[in-house]
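There are two complexes below, and they share subunit A, which is joined by subunit B in the first and by subunit C in the second.
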Partner chain A sequence: MVYIQIPKLKRERIVVLTGREAVSISVLSLAVAFIVFSGFLMYEGADPIEAYRNIFSFAFDQKLGLSTTLHRGFFILFATLAFIIPMRAGLWNVGMEGQFYLGTIGAFAVAYTLPTLHPGILIPLMLLAGALFGAFYGALAGFLRGKLNVNEVVTTLMLNNIAFWLVYLLTVGGPWAGIAESTSRPLPASAHAPIILNTPFTSFLVIGIAVILYIFLKYSSIGYQIRVLGNSPAAAKHIGISAPKITVLVMALGGAIAGLSGYHMWAGDPAFFMIPRPEAYKAIADLTYWGLIIGLICLLNSIAAIPLSVFIGSILVGSTVLVRRLRLPFGLDVLFLGIISLTFVAFQFFHYYRIKIKRRE
Partner chain B sequence: MKPDAPILEVRGVTKRFPGGVVALDKVDIEIRAGEIHAILGENGAGKTTLMNILFGVLQPDEGEIYIHGKKVRFRSPLDAMNMGIGMVHQLRKLIPAHTVLENIILGHPKTGKILNLKKAREEVESLCKRYGFNLDLDARVWQLSAGEQQVVEIVRALYRGARILILDEPTSVLTPLEIEALLKSMKAMAKEEIATIPFVTHKLPEVFAVSDRVTILRRGKVVKKIETREATIKALAEYMVGREVLFKLDKPQVKIGDEILRVENLSAMSDKGVLALKGVSFSIREGEIFGIAGISGNGQQELAEVIAGLRKPVSGKVIFQGRDITHLSVLERMKIGIGYIPPERLGVGAIGAFSLADNILMSIYFDPEFSTKGFLNYKKIRDYAKKIVSEFEIVAPSIDTKAAHLSGGNLQRLILGRIIPRTSKLLIANSPTVGLDVAATEAVRSRLLACKKEGMGILFISEDLDEVLEVSDKIAPIYEGRFVKILPAEEARKEEVGAMMAGAIPGGS
Partner chain C sequence: MWPFIIRSLEVATILLLAAIGELLTQRSGVLNVGIEGLMLLGAASGFLTAMIWGLIPGYLAGLLIGALFGLLHAILSITLRVNQVVSGMGVWLFAMGFVTYWADRYSGPLPPWVTSIRVYGLSPIFFLAIITVVVIWFILSKTHLGLKIRSTGENPFAAEVSGVKVMRIRYICTITGGALAGLAGAFLSLTYLGIWSHLPTKGLGWIAFALVMFSLWRPFILLGGALLFGFVWQFAISPETIYAGIPAPLPILRMLPFIITIILLIIISSERFRRKWWLARPEALGVPYIKE
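For the complex of A and B:
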């Protein structure tokens, strides 16, 4: 009797994933995404190497894409940080979209009411209002979760929808409607974000927040409590950590950061300086979901999230050349982003398991 | 077939687990048609392993199983089911969102791709009638009580054609009325030649009332087979816990001091919303170890949690050094010197993804000594962690090692090292040695005795009766949420305490 040895694949649970392993997994998943997309490019008759070169040269060209790359990248960073804080406590904040809308409402309300204020006062006030509005929106879901144990994924997603229509109500034919009827009135010039090094100052603000957040989570007593809760609610309970309190706190903090991005987005890009048509502001808001993916990939490390967010921003901006410059079919740029997010998510598997080849007995 | 011929025979079954644990050692059991054959044993006696072998979940290393005199080999539970063996799990394997009827016919070979619910309903209904089960077939399973869910599992096994029914702790979650109904149904099944094999640790008396024969397992061996009518409950309990003389630990002679903890008439609900602790009163003094002996699920967990502040009592008072702390938070209790060692180590007592230092921080994160202006002073914390690691002999490459990489004994040393130095008055040790090897167990026990020497009061909870007797100054066997008695260690006889914790000797308190 002859036995054929068929190697058997066995998955093994990873107990603790190191940072280095996480980085190599991300790099690998990116490589896979680039390879997969190359197939599509070749199918369309394009040279993949040439296409990728075009994407990045456009995205990082100072005269062309760089400022948008940075602007969108840091916008995504806001959302990533807003996702990371609650996730450290074990909560899925998928309400960055809604918190961003609320932040938008807060900032614009201040700008429209007090347009004559000096920018040095008006802009901080707008940021503050955006943060407070976003914090309120996050805390709402946090309260429902902490006190009544309502699943935060469901509530944040539903609140997103409500927030979308709130903005709609204010802009489309509403009190903030501009001449075009479906966009808002332009922001007063005093509200425009000062530009430093090709990018609005809020980009530096969010980098600062990322650094502070890293220190806060790692070295503060509250940060420690957040991490204990995220790792084991049972352990947290046994050492006297109040889960409802921490839940409201992290959701409010996340909401505040997402709320700040309302100002960053509309007041930081001269292409806007207002709330655009609903399809356009919805498309922008959809970018916040990258926060979820990036947050998970960088293992909730807010420093690692900085370069990754900018990288995603560069692909976001750069891949538009596929259509505009290389005359490839419309939608191919969106496909590329879709492939990247899918491989990122699929490679999450390797955050939890490693595959071992096992010989049959 | 001879009337007394066994329908199920287990011959010389041995099962070893990695690490050299012999869970079953040459076990022989015969089950006759239509008998109620209880299998008794403490936790760790090998009951679960035996059940899993009978149901095809595990394969024995040695020995055979015969059904109707024919040798069988179960590769999976499906094989066992096809040979007429049914299993009623303690952890229900039902789909809560489906109706009772849907759950019963699920997986039945006859069910096929298109459901014939009408025919199935008739069959199930007649089955229920025959054995006296009272079931609403259209109810959703989540709406049912634990007892009713158990009945669903039994009916499902019978519908599948089971002639031998294994019941895992059938009475542990039932109300007295439900127990009565279950026992009646078991008798009805016996009349139809269906054998039932309840595996029991809890609630001896009920099973005693109904079973024909009893086989008692201890440490993987069959220690006694007995006809129930020839036995007494006390004798059964003695066989279960054993009677050998023990090696005695040197209890330090400590002067018993002032009262530290007084518990008055304390009652509490379990997570399932059942009254699990029913009016318990006792007190612990400085330098005293108060041992609670009981099989888990008799209210000791709830008692420990109420004293630690993790669970709100329904009634009663917890008085700590003369102060009523019934409504104090966990954190406040930690601050005044109460420490709680939980029975689950990874995930509750320690966090696997955290370093040793971060784990030790769990007991000091709130201490102003280790933080300034809300920020943790990691230098101080690391120094402290290093001190703890060496003092408690935690074997690890460094204090940055993740707790998940520690062995069970080391992990428990870490937990003790985190809790004991921050506990000044009262230590609640809930099953601190469960699952540990001999050396680690000894280390934990001598740690507790060292705490006693320092004048701490200790509430010690364990399922291991030997251990409770060895360590404690006072012993309270707990049964169904009540202390059967509170005995000074000198007066506690093992057989008697064992019988008390098995419910064989009713008590007051």
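For the complex of A and C:
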């Protein structure tokens, strides 16, 4: 008789997850996503290897997709940073979508009212207005949470939907309506973002914010208060940290960063220079939810979020070739992103547990 | 007037089915944030199935895919103990991508031979939703099973000690909740809309999610809330059927359900209600159960 001993699996709680482990978990989950998506590609009659080669050669080709890859990637980075700050204080900011809309409204309002201004003044003003509008929207949810104890997940999601219709109100048949149906008027030329090294200057702005944020959260006194509140609200109360104040602050900061992305998105890509149709701006805004996933994958480390955001941007841009170049069905590109988000979420398990094989005695 | 009432009752049906499922899930201590995604999946599979086999298989397909992804959420959040908000969000993001890929190429109306059965203009699914509410109320508050479910949501450790299979109860509730959300989605695409357009749920799932919070986890308050929001939602879409001279532009009206949700949230979070709300809230909601 041969006995096959089935090893008993046991999960072990991980107390501290190192950055290296987090990276290997992400790589593993990406590998699974690529394998799963290969199944869909083969079902559609495409060669997966060929498809992946096409995706990345397009996304990182200087003449083709690179500038869009960077642009979309840094857009996602804005959203990720907007998620990370409140999460450090234990708050779920899923309102990046709404804050991005409000930032769009702020930036466009400035550009439409003062189109003759010199770009050197107009662009900073647009950024400032976007940040202020976004900060207001974030602070609104922060206030409701901090002062009135309203669950921030639900309020931010509701505010997202309200902001969607607000943009709709302004663009579709509203005061900002353009000549083309249901898009806004084009931005004045003075508002277009200067391009540095193939990418709008706001990309460097967001990298700068990511670095500053890392230092701010790690070394500053307020950063310390934020982290204490996130780790233990009871301890925070004990040492005299005002939870409502920090709550409003982190949500406003997050909102401001998401608000900046309103300018980055529409003024940084020559394909836009206006607010497109509602389906199109909604599709862009849905990308902000990647902030949540990337933020968690990176263990809320804002510097680690930079390469991962750009990577997601490359998949976003590169997988459009599946539809355009390889003539595969529409929607396959968004499916790929959906699969990646699901495997990332499933592999969150390994952020908390490792599997040990337990020998039966 | 009657067509308007029917339409708003249809919206109420969608909300009710999705929300009563979520209520059951939450009562067992599992938070499913992904109902918007489950509804999308239900809507797509219902629509595609109905195009081939007709209405009833369409509803069943919605129910089935909802259950399947409810199971996925259960595996992720109960067995793998992934944060429940993250897991729900992941299911939702996946659903957006998958549904776009799967169903958008069939954009357009249902074939004319697929028509919803109606009694005085009302779909039988409306009555089914009401019956579901009554049944779930009965199970939760009058039966032994309901006691098990509630104790799982309140204090899983005590429940386990007294012989309740916590994991099994949570799995059953999450799968049932998912199935109901899937059915709600199928009803949305097959009966309410009758047409496929890009991502049709438009935030209804989130309203259903918020409804569960307002209802203090009680089925009959949920019923009232769903009827109210069904009315508001439909009013925002076609205000002219009530009163032709509404001065507000359409987009402002479309914000209305979301604004009302926030106001209601503020009210139930106020000092006076919070006590009650915290008492009603399943104690172990959102906390993974770790067997010692």
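As a working rule, the second predicted complex is superposed on the first by the 351 of 361 C-alpha atoms of A that agree within 3 Å, B and C clash if a C-alpha of one lies under 4 Å from a C-alpha of the other, contacts with A are read in each partner's own complex, and residues count from 1 in each chain.
Just so we're on the same page, a residue touches a chain if its C-beta (ideal position, glycine included) is under 8 Å from a C-beta of that chain, and two chains touch if they have at least 3 such contacts.
On a predicted model such as this, the values are computed, not experimentally measured, just so you know.
Student: Look at A:317 in the shared chain and tell me whether it touches subunit B only, subunit C only, both, or neither; answer first, second, both or neither.
Tutor: neither
Student: Would you sort A:334 into first (subunit B), second (subunit C), both or neither based on which partner it touches?
Tutor: Second partner only, subunit C.
Student: Once the structures are superposed on A, label A:46 by its partner contacts, choosing first (subunit B), second (subunit C), both or neither.
Tutor: Neither subunit B nor subunit C is touched by A:46.
Student: With both complexes overlaid on chain A, does A:292 touch subunit B (first), subunit C (second), both or neither?
Tutor: second
Student: In the superposed arrangement, does A:91 touch subunit B (first), subunit C (second), both or neither?
Tutor: Touch partners of A:91: none, neither subunit B nor subunit C.
Student: In this superposed model, does subunit C or subunit B come into contact with more residues of subunit A?
Tutor: Higher number of touched subunit A residues: C.
Student: By the touch definition at the top of the document, which applies to A:105: first (subunit B), second (subunit C), both, or neither?
Tutor: Neither partner.
Student: Which partner does A:222 reach: the first (subunit B), the second (subunit C), both, or neither?
Tutor: In the superposition, A:222 touches subunit B alone.
Student: Look at A:346 in the shared chain and tell me whether it touches subunit B only, subunit C only, both, or neither; answer first, second, both or neither.
Tutor: Only subunit C; A:346 stays clear of subunit B.
Student: Counting contacts the way the document defines them, which residues of subunit A are shared by the two interfaces, the one with subunit B and the one with subunit C?
Tutor: Shared contact residues on subunit A: none.
Student: Which positions of subunit B touch subunit A when the two form their complex?
Tutor: Answer in residue numbers: 308-310, 329-334, 340, 342, 344, 347-354, 358, 361-363, 365-366, 371, 374-376, 378, 402, 404-405.
Student: Which stretch or stretches of subunit C touch subunit A in the complex?
Tutor: 33, 76, 80-83, 85-87, 89-91, 93-98, 100-102, 104-105, 198, 203, 206, 209-210, 213, 249, 251-252, 254-255, 258-259, 261-262, 265-266, 269-270, 274
Student: Quick one: which bits of subunit A touch subunit C in the complex? Just the residue numbers, please.
Tutor: Those residues of subunit A that touch subunit C are 40, 92, 94, 144, 148-151, 153-155, 157-159, 161-162, 165-166, 168-169, 172, 174, 279, 286, 289-290, 292-293, 296, 329-332, 334-339, 341-342, 344-346, 348-349, 352-353.
Student: Show me the residue ranges of subunit A that touch subunit B in the complex, using the header's touch definition.
Tutor: Touch residues, subunit A against subunit B: 15-16, 219-222, 224-225, 227-228, 231-232, 234-235, 237-241.
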